[in-house]
Amino acid sequence: MNIQDPKLSARTGSIDMAHGGGGRATAELIADLFQHHLTNPILDQGNDAALLPPAAGRLVMSTDGHVISPIFFPGGDIGSLAVHGTLNDVAMAGAEPLYLTAGFILEEGFPLADLERIVISMARAAETAGVPIVTGDTKVVEKGKGDGVFITTTGLGVVPDGVHVSVERAKPGQAILLSGNIGDHGVAILSKRENLEFETEIRSDSAALHTLVAGMISAAPGITVLRDPTRGGLAATLNEIARTAKVGIHLEENAIPIKPDVKAACELLGLDPLYVANEGKLVCFCEPGDADAVLAAMQAHPLGRDAALIGTVTEDDAHLVEMETEIGGVRVVDWLAGEQLPRIC
Amino acid sequence: MCLAIPAKITELDGDDMAVVALEGIKKRISTALVEDLAVGDYVLVHVGYALHKVSPDEAARTLQLMAEAGVLQDELDEMTGADQ
Amino acid sequence: MKYVSEFRDKDLAKSVSAAIRREADPGRTYNFMEFCGGHTHAIFRYGVQDLMPDNVAYVHGPGCPVCVLPVRRLDDAVEIAERHNAILCTYGDMMRVPGTKQRSLIRAKADGADIRMVYSTLDALKIARDNPDREVVFFAIGFETTTPPTAVAIKQAQKEDLTNFSVFCNHVLTPPAIAHILQSLDVQDLGTVEIDGFLGPSHVSSVIGSKPYEPAAEIFGKPVVIAGFEPLDVMQSTLMLIRQINEGRFEVENEYTRVVTRDGNLKAQALVAEVFNVRDAFEWRGLGTVAKSALKIRKTFAAFDAERRFEITPKQSREVKSCECPAILRGVKKPTDCKLFGTVCTPDTPMGSCMVSSEGACAAYWTYGRFRTKAARPQKEAAA
């Protein structure tokens, strides 16, 4: 729907219940804010559903809800995070992402200027990634029933023939590669958290990894597992894989890349970087013979410059993740019950 | 217990507060518990307070003792031709 | 990181480990209690045990202020937040500790209580300034390391006339606890726990100095080595303890000389003495009642004492029945000796504080070394 003279002033004012009513206010919001910034041929069809051309291969679909707070943080915001997050979920299946959707649940009173900032950020992220947001939805809830804004994104992609990336393909002997420094995102978020503030140049590593994945698959189509270690950090991801694939994992602490500042922030707050969230990193399992080629492909890509071989898959009935520590001892890297909290003891 | 970390003083203000740096991380902390601090000193930081100055000489001495601990073993190994 | 990374060096670790293997007498065992939870944490997190010979072992002590806080006091803190509508400021460590009926601060927060996690008393003071019409209570826990910052906060509150700020004081003292353990029946008569020496607390000692441990070492004839928290510090201190035992000495030695002196931080000690005095007795979870082992706020600062300010209902607090935290805190039992460990009691569903505190023995066993023997096996095979 193209409204010539939108009455909506996106720069002042805030969301009210009328915006979710389905009437003219809703239409104006969609046209002036969402469609205006996210414009692309499919979205501009103007229908509730997006009509897509046939896909050239096996389909992959993934969905994510985003409820992060703070909404704006160094290196990104809830919008760019949502776009990158879903693109990455699709990429972790070895797929090329093709389309995205975006659903918004807005709290009454949410500033329109903030919403516009978020939508612009999503538009930029989608454009940079080369993947359009083709359909979406907006709802409004009463004040107190939402945390500003919740965003749900779904991604659709296609897996090239000959590629079969799936957790159960993890087998003892395979190499484990990590695409870069851990902990950036979590530390960036914490640095802004009330009652914990500290000054740092660390920014979230939020990024779309699908072109990195494409390069890796080119180098070795036989890659077995791909995962992005988000909430719960590297430790959670590796434990999930070990548990599901019924294998063990052995890591070398000295091989895991981490920025000195991130390490320092974790020391200050008593956090273990292995459990801190990332939003632009991936782990890859592959046959030992492919490891060099995949590592080279990663390091050749801007998002994989600090990629490293960090461990191997082992045989272990207990499905544990073990790590040789900095001093040469061994510890178990367990799966944390909940969120890791800063400590003083 | 008592997570405390050595950090370098980069700024001192008159009001018993300071800025410390740990690599590139900077944090404002209280210096109410320590006297005679200068920019460049390292202090032990716990729950937002400097607790004690870190002595560079003692740190070096401790590392030296640790290194020496194994020295005799190295010499013995050399003498007997044993692998480490 | 300066003064940190050097003390995690692999080659240095090999060096000290070799010395320990050489000097430990194969004809005996050495059991050292690391008093501090921070040392328990370091030992597990770095796998220090893997670098020790089989006859050297660590017995985990009660130096975890979160672990030894009686359930009743935690229930009181929850009450202050819920019944009195105060903003309760707490260190992160306390958030998940289960109180009576598994009620933790994080549960109370989910139910609507205004409980805020802070990194420092400085943050709590700020909250008090920013919320002049609300009561702001700081939940103070910790040994002598954490007490001076609370003292400074109370004095600052007095200086600024922050009438809405108060402290719920649960600070405890280390030397009485060490003496209590050594005195207890388990050690002396029944010989259930063999403790040949102590790794003394690192940062507590930076405040109180190494002097306070001298009477205990002499009376009980056990060596004490003040040890830093880095893994190399723990190893070097273990070596020093082994040497003392081999030479028949029982002195207080200091490995952590870069921040610990015999007298400690006199300024901090003076501030603490100004603001607090010693309670006649205090109940420690696990150790029972220990005389003169905890602090309360002096009358001169009564206005900032949450215990005087708020009416707190006397409680019949209950621990979980089969929870072995008391025995584990005294080093008498291992986490694996507890019926609940790993079954009913896990970090997901903690029954006692030893499981939920990041440096409780149970949490350390679970997080770092649940299947210890398997994890250690490849290392030992390599060394053989």
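Read from first to last, the chains carry the letters A, B and C; within each, the first residue is number 1.
Keep in mind that, in the parts below, contacts are C-beta pairs under 8 Å (C-beta built on N, C-alpha and C of every residue); 3 or more make two chains touch, one makes a residue touch a chain.
Listed by chain with UniProt protein names: B = Hydrogenase maturation factor HypC.
Quick caveat: nothing in here was measured; it's all calculated off a predicted structure.
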Two chains sharing the most contacts, counting C-beta pairs only: B-C
Identity of the most central chain, Cα criterion: C
Computed distance of Cα centres, chain C from chain B, in Å: 21
Chain centre separation (chain A, chain C; CA means) in Å: 38
Shared interface positions of chain A, touching two or more other chains: 260, 263-264, 267, 270, 343-345
Multi-partner residues of chain C (each touching 2 or more other chains): 1, 4, 14, 37-38, 64-65, 91, 119, 123, 142, 146, 232, 359
Sequence positions of chain B contacting 2 or more other chains: 1-3, 5, 22-23, 46-47
Of chain B, residues touching chain A in the complex: 1-3, 5, 7, 22-27, 45-47
Partner chain A, residues of chain C touching it in the complex: 1, 4, 8-10, 13-14, 37-38, 44-51, 64-66, 91-93, 95-96, 116-119, 123, 126-127, 142, 146, 231-232, 346-348, 357-359, 366-371, 374-376, 378-379
Chain C-facing residues of chain B, complex: 1-6, 8, 22-23, 29-30, 32-35, 42, 44, 46-49, 51-56, 58-59, 61-63, 65-67, 69-73, 84
Complex contacts: residues of chain A adjacent to chain C: 195-196, 254, 260, 263-264, 267, 269-270, 272, 316, 318, 320, 322, 324-332, 334, 336-338, 341-345
Of all residues in chain C, those that touch chain B in their complex: 1-4, 6-7, 12, 14-19, 22, 36-39, 63-65, 91, 119-123, 142-143, 145-146, 148-149, 152, 201-204, 206-207, 228-229, 232-233, 235-236, 239, 255-260, 265, 267-268, 271, 359
